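The two complexes that follow have chain A in common; it is paired with chain B in the first and with chain C in the second.
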Partner chain A sequence: MKKIGFLMAATALVAAGSAHAESHEGRATDGHLNIIYWQAPSLLNPYLSGGTKELEASSLVIEPLARYDETGTMVPFLVDEIPTVDNGGVSEDLTTITWTLSEGIKWSDGTPLTAADAVFTWQYCTDPESGCAQLSNYNDVESVEAVDDRTIKITFSVPKPFPYGPFVGAQSPIIQAAQFADCLGAAAPTCTDANFAPIGTGPFVVTDFKANDVASFVANENYRDPMKPAFATLNLKGGGDAASAARSVLETGEFDYAWNLQVEPEILNQMAAAGQGTVVSAFGTSVERMHVNQTDPDPELGDERATVAHPHPFLTDPNVSRALSLAIDREILVEAGYGSSGQPTCNVLPAPAIYASTNNDWCLNYDPDEANRLLDEAGWVMGDDGVRTKDGERLSILYQTSTNSVRQGTQALVKQMWEEIGVETELRNIDGSVFFGGDPSSPDTFQKFFADIEMYTNNFDGTDPERYMGNWACAEIPSPETQWQGSNMQRFCSEEYDALVVEFGQTAALEDRAALAIKMNDMLMNSGSIIPLVHRGGVSAHSNTLEGVLMNEWDSELWNIADWTRAE
Partner chain B sequence: MSDQDRIFAQTVVDEVEERPRTLLRDVWSQFTAHRGAMAGLAVFLVIVLGVSFGPFIHTIDPTYSDFRARNQGMSLAHPMGTDNLGRDMFAQVLQGGRVSLLVGVTAMAIAMFFGTLVGVLAGYFRRLDGILMRVTDLFLALPILPLLLVIIMLFRDTLRKAFGPEAGIFLLIVFIIGITSWMQTARIVRGDVLALKEREFVLAARSIGTPAHRIILRHVLPNVLSPIMVSATLGIATAIITESALSFLGLGFPSDFPTWGRLLFDGANFMTLTPSRVIWPGLMLSLTVLSVNYVGDGLRDALDPHIRGR
Partner chain C sequence: MFAFTIRRLLFAIPTLLAISFIIFAILDLAPSDPTGNLPLTISPEVRAQIRSSLGLDEPFPIRYLLWLKQFFINEPLNLIEGWTGWTLGDGERMRVTSWATRSPVVDLIIERMPQTLWVVGMSQVIAIVIAVPIGVISAYKQYSWFDQIGTFVSMVGFSIPTFFTGLVFIVLFSVHLQWFPSIYDTNHVIDSWDSFVFQIKQMIMPTMVLALATAAQLSRYMRASMLDNLQQDYVRTARAKGLTERVVVMIHVLRNSMIPVVTVIALNIPTIFGGAIITEQIFRVNGIGQLLIIGIQGADIPLVQTLTFIFAVLIVLFNLIADVLYGILDPRIRYE
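Take a look at the complex of A and B:
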């Protein structure tokens, strides 16, 4: 350790001598950095785990060809420029993309990064026996070839209007062929050494990794920018909960950076008042939304419960859903549960800006009178007990979500708001591991949706909404025939929408894609099958002595850690 | 007999009749001599009366959220402050107390019934002993959480339909807690019964032909009452705490249905901001458990003929 420290210092001295004029003096001059991820990473290979914590931790070490910056724009990392149709990097028929690696990039062990590593990464992830968690990034990839040492050519089996799936973003970094050569296929999970300490091109190198506990890193001597990273050593600690992680940065100052602080805003504000650190948030595509069941979840239907064979008795009426939406004061939900990390929204696709619709903003105006009028018009008569009825059917809703104090707070507020328009609400909360677990034998999963309304957050990776908007095609409806798999939770089904999904996959121009995405979003909103509530941002906190943090929801939050420095 | 003598005799008779020595009276006088037990009983009664009649005096709806008045400290309008959604804590503590106490007492009653039944049968009838104790072992070995998941999954919708969401869940929870906490009582009772049935008075009763059920009711049960009482008081406390754990996992009552355990869990994060959110429910929970334990302690002393009168 001492030896490495000496080497670091020597390198730093050499680096400091070079011509770069930066805010910091050079590589490894700013000492030690402490990061807390209260969900600890279990390994450092994102291909073997879909979890965000593994993805983020591994982004310190291994890198993709290009990342998304804090605005969602692609920035080259291991290449000099992003291939497009204009610069000839993407073929006219949209079936191939050619990347050229920057010159002189080395792995942390000193060997050069070559196109063969990218080819290997593709083989590693697409091996049918490897169980790769990021397989969807390589959808429709027919082949990846190393044209020469620095040129990677990816061929798709279909025209890809958005060919930036493979090797872009934190989900698909490049791993070293030499290190993982014996870890193909079924052997992948057994390569513990490689999975715990991958060799990478990133700013840091793993020195010690304890699964689900702590990982230690030192600055990478072979990092491409001789001035970076500023920190000589880094510790990434896991454990505890969101509130205690926030406290360790904001109140006690033990840590420099804490991730994913889902804590009630007043608690976070109180901690931030201690003056040790700053709370930062960034908005990606996450939307806390309600899915409105279009099918009947009545238990008496037995096996046909919540299937398209039985439409919901009243929630298929867009006016009822519109009234429910109008009766929710989203500002209050934001203030109670999200603070600066939430904004009211009326769209299930709120970002990036070009895809965001403005046609549904009526829902931002809390208007219980209009809601009451809509329900009166639809024939729902207010009963003596304050609950509306129509043809003997009570306007009674079972409203479920996962167990989380912010969500239960939202539920309680919404219940009261709906009471005012004569809607009876029964609340149910289900443990997150069951609700999101997808076990087909449990009745409580969000796919089975044995309730009238369910609430959770979803988003999409990267910036292209094609796959996300495809979630609501008829074929995506979970049913006993599909073993309750599928992403169309509310069972929305429209031929017109399905046609748009197909059209999306064949449209290349960005403006046309944006128009299509907006049209699809509006169709979903007008159907009333989704009630968006809050556009949620990620919340993290950093110490006041840490500079250079650019909170990013489109890629790893640690995407620019090479630029982080210690303030004087 | 002279008048004087007659008057004297009458006085003696009066005195004797004034304090007839019944079992109940002995127990009560011993119980009242136990200061801790009396204090416990007083506190417990105050809590029971408070949660029973409190909501008629403090009439704020516990689930009504007044959003402008959130995270408030103690005031006249909100004697225990409000939570982060502006719900009145006092109303929630009162409402939560009703549920928690009801769950505790009912679940305890179920557990005591099964525990005593199994314990006495296993201890008294040798032929039943093996099978009943194996059943007890089986229940002890059951992993409670998966069992709960299965039971709730199987019966929640049926019960919800039959009794409505709240009553249905109440029955389910009380039943689950009761059915998973009778085993210790059964073991303790069996042990005591095994020892008791070899004693001379039981032998004497049997030798004059007293039928088994009468021996059990007249001679055995009163003598195992003290361990049962102690388990019962501990059982109330465990049941209240188990219920709160269940609610926390989302398996219990709906989240807008306050119980002491849930109030504590919800308030934990707000401890530094509004301490009253954890202090009051925590205090009520501890006081209840403590007072019930003291009552149990006093009852044991009062019911045990060896200790009584000393």
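Take a look at the complex of A and C:
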């Protein structure tokens, strides 16, 4: 029912947006737009800051060649068509891709956008001294050439079945070569003016930027569509917290759009009842999941703690993990902590739709009896104190996550649910900047994983899961030898899986890639080393007088701001 | 007095150097990482490159000395250049640069100063204006209904935290009555009567929230100090001389009672520059307090280091000022 409601709201929005687009009168006729990002942007150059807030704010000004729309489909922005193998834009051997810029696109200062700007952007980000946060978008790029003023040819060092890393999506916009010419490499941070007010091809131009506070914009006179954007001026204010940002849109009506409203669903619904605005959500690839440690985190093991030398005493048994998963009522977790921004899921790869497996849906059925039966069968005997034991080992789990009120709520609920099947749980939470900080000298990082189970959310940029699924290769296991770097937190290792990772990198056809991704997802689920909990979406709110908002989790939420209008 | 002031100022130098070292060491030892808040989609190799571009792979003493040089040599030179228009040396010098914004920390602080001074400064002024008369009257008419109400209100102001009063104010005045904006507009320019009225409107709530808390504290000090002095022999003498009650209370007693209150006020002044972390967040005043908390959350060490050090300087300075004021208010106190 919830899903249907959401779909209907989305359809209504689309209809409203397109109906209005015709009646709206032209550029800068709809006055002022007020947006609140409670985490304010620190600068407007996404290459120097990997944060989402900077990506989103800069997307008002600078643009990539193509963006992802709200369904995750690529749409051309600065080009007329997306190059593919079929239209000849991508070479048969998958090593080059050629983009052709649309005719007549200008920077906001009136100078033409040329292929040289794209070449410069690549050089800017790949300079080893610049510390570019979006470097991974240019992975395996051998060269970017300007064939002529409008033709950009990207050559990869290996065949790229998905060649849309560079210059696609909010993570990889094109910056102006003329403005950033003196900002290469180590000089990048010294260009404060350029980092605060980049010149772009997007619908708005920066007029004033106060770091971590407020940014002001006016409509770009040189924007390619003479009728857009509808708003003449725009303010992006920051600061405070998510709840008060929601209030400023839903209750006081001071703002038109609020981003990332991670507020308890109860409170958000109450605010929405005031009738000033609408809560919108969209789903991307984020999954709140538990990683189940396959190695023994016992402190007595010293330096070999949580390394593959010592398998976990009981969590390597897929039946134990399956029991733990069955004993979790995901609906309750969603209801308590996520509301419309969450859906129960049984896959670590839940989207886009073609990659989503349906083979693990057993986990959606909350079934403590089956969980008890599995544990009985595995030889875990219920003790007098309500905790199961086997060969003197207690079924006791240390469960850690980052500090965050929703996560601590989930922890408490799960502890209770597991108590019912005779599992003893000790809870622990660690400050996010330490947990995710990756400092090899800290014992509390998620890579070290000195616990039995840890919970957090991860996702991937764009729509291609190749790199994401590669996270669980054996070589990605964090260990003292790798200075505790790596993305295979639960230390899952299978030769068969590694072979699939290699195969993925060589498969071009979309259907085959989808089949591979599903197979890999299912392998992970069957191993019991990951327990997916909630497919998380983004939640924002907009005023009822604002039309054209198409909530997007695949790109910047402000991706189509040129089409936003004020209702009469 | 002059020699005393100079001596204290000279003593302050090693104290402040020690403080700056301790702050730097604590920040360095704290297990936080400037790339810790980035999305997980950014790989560890890229994070390592970002850290090295921030200079984090240099050893601790080098980074500390670099900060000292940037803060004590480069920044003052830069200020002098800005004021006079001269070019000293080649004009190219590394300033203290924030990691999150990649811009000079001092520029950020200057940008934040106006709203903090307006809101927090005004709240201190209002607090004093409210607290002193309440304290005086409460003490003079001890146990009267005025005193009882004053005691009640100050206890309320003292015990309810600003994050609660702030929210109550917003729900009442912004959501229900819609009198005042709940979000402070830092871009607002005062150029007409209407815009001045708007400035007052947007300042009222944060200012009053802070003023209530400070006034509660000050009025209690004022009342206690007045009560002490009203019992003194010199008061009886003054009355016996036939002085009017007004002169006795307002001149003899008040001046003597101000001594401890002035200390409290002087020691409160550094907090004006420090901003009000919680209140600034609630009303989005985005002044110094909000800058500090964002810096701490984002592990922006140069920013936090510079801000906390400036606070340390202000605290040392205003302690000295309070001592000097003692001497002016009470001629019996002499520093040799």
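Just so it is clear, the second predicted complex is superposed on the first by the 547 of 568 C-alpha atoms of A that agree within 3 Å, B and C clash if a C-alpha of one lies under 4 Å from a C-alpha of the other, contacts with A are read in each partner's own complex, and residues count from 1 in each chain.
One rule holds in what follows: a contact is a pair of C-beta atoms (placed from the backbone, for glycine too) under 8 Å apart; a residue touches a chain by one contact, two chains touch by 3 or more.
From a predicted model like this one, the values you see are computed outputs, not experimental measurements.
> Just checking: does A:214 make contact with chain B only, chain C only, both, or neither of them? Give me first, second, both or neither.
A:214: touches chain C, not chain B.
> When the two structures are overlaid on chain A, which partner does A:248 contact: first (chain B), second (chain C), both, or neither?
second
> More residues of chain A in touch with chain C or with chain B?
Touching more residues of chain A than the other partner does is C.
> Contacts for A:405 in the overlay, against chain B (first) and chain C (second): which applies, first, second, both or neither?
So A:405 only meets chain B here.
> So, does A:442 touch the first partner chain B, the second partner chain C, both, or neither?
In the superposed model, A:442 contacts both chain B and chain C.
> May I ask you to decide whether A:336 touches chain B, chain C, both, or neither, giving the answer as first, second, both or neither?
first
> Which holds for A:98: it touches chain B only (first), chain C only (second), both, or neither?
A:98 sits against neither chain B nor chain C.
> What residues on chain A does chain C touch that chain B touches too?
On chain A, the residues that contact chain B in one structure and chain C in the other are 431, 434, 442, 444.
> Flag every residue of chain A that touches chain B in the complex, lowest number first.
Of all residues in chain A, those touching chain B are 243, 263-264, 266-267, 270, 299, 332, 335-336, 402-403, 405, 408-409, 411-413, 415-416, 426-431, 434, 442-444, 450.
> Give the list of chain C residues in touch with chain A in this complex.
31-33, 35-47, 49-54, 97-98, 100-104, 107-108, 111-112, 170, 174-175, 178, 181-183, 185-187, 280-284, 286, 290-291, 294, 297-299
> For the complex, which residues does chain B have touching chain A?
63-65, 67, 70-71, 84-85, 87, 149, 153, 157-158, 161, 165, 248-251, 254-256, 266, 269-270, 272-273
> Residues of chain A touching chain C in their complex?
Of all residues in chain A, those touching chain C are 36, 40, 42-43, 48-52, 128-133, 135-136, 186, 188-189, 192, 195-196, 208, 210-214, 216, 235, 237-241, 244, 247-248, 251-252, 254-255, 431-434, 436-439, 441-442, 444, 456-461, 485-487.
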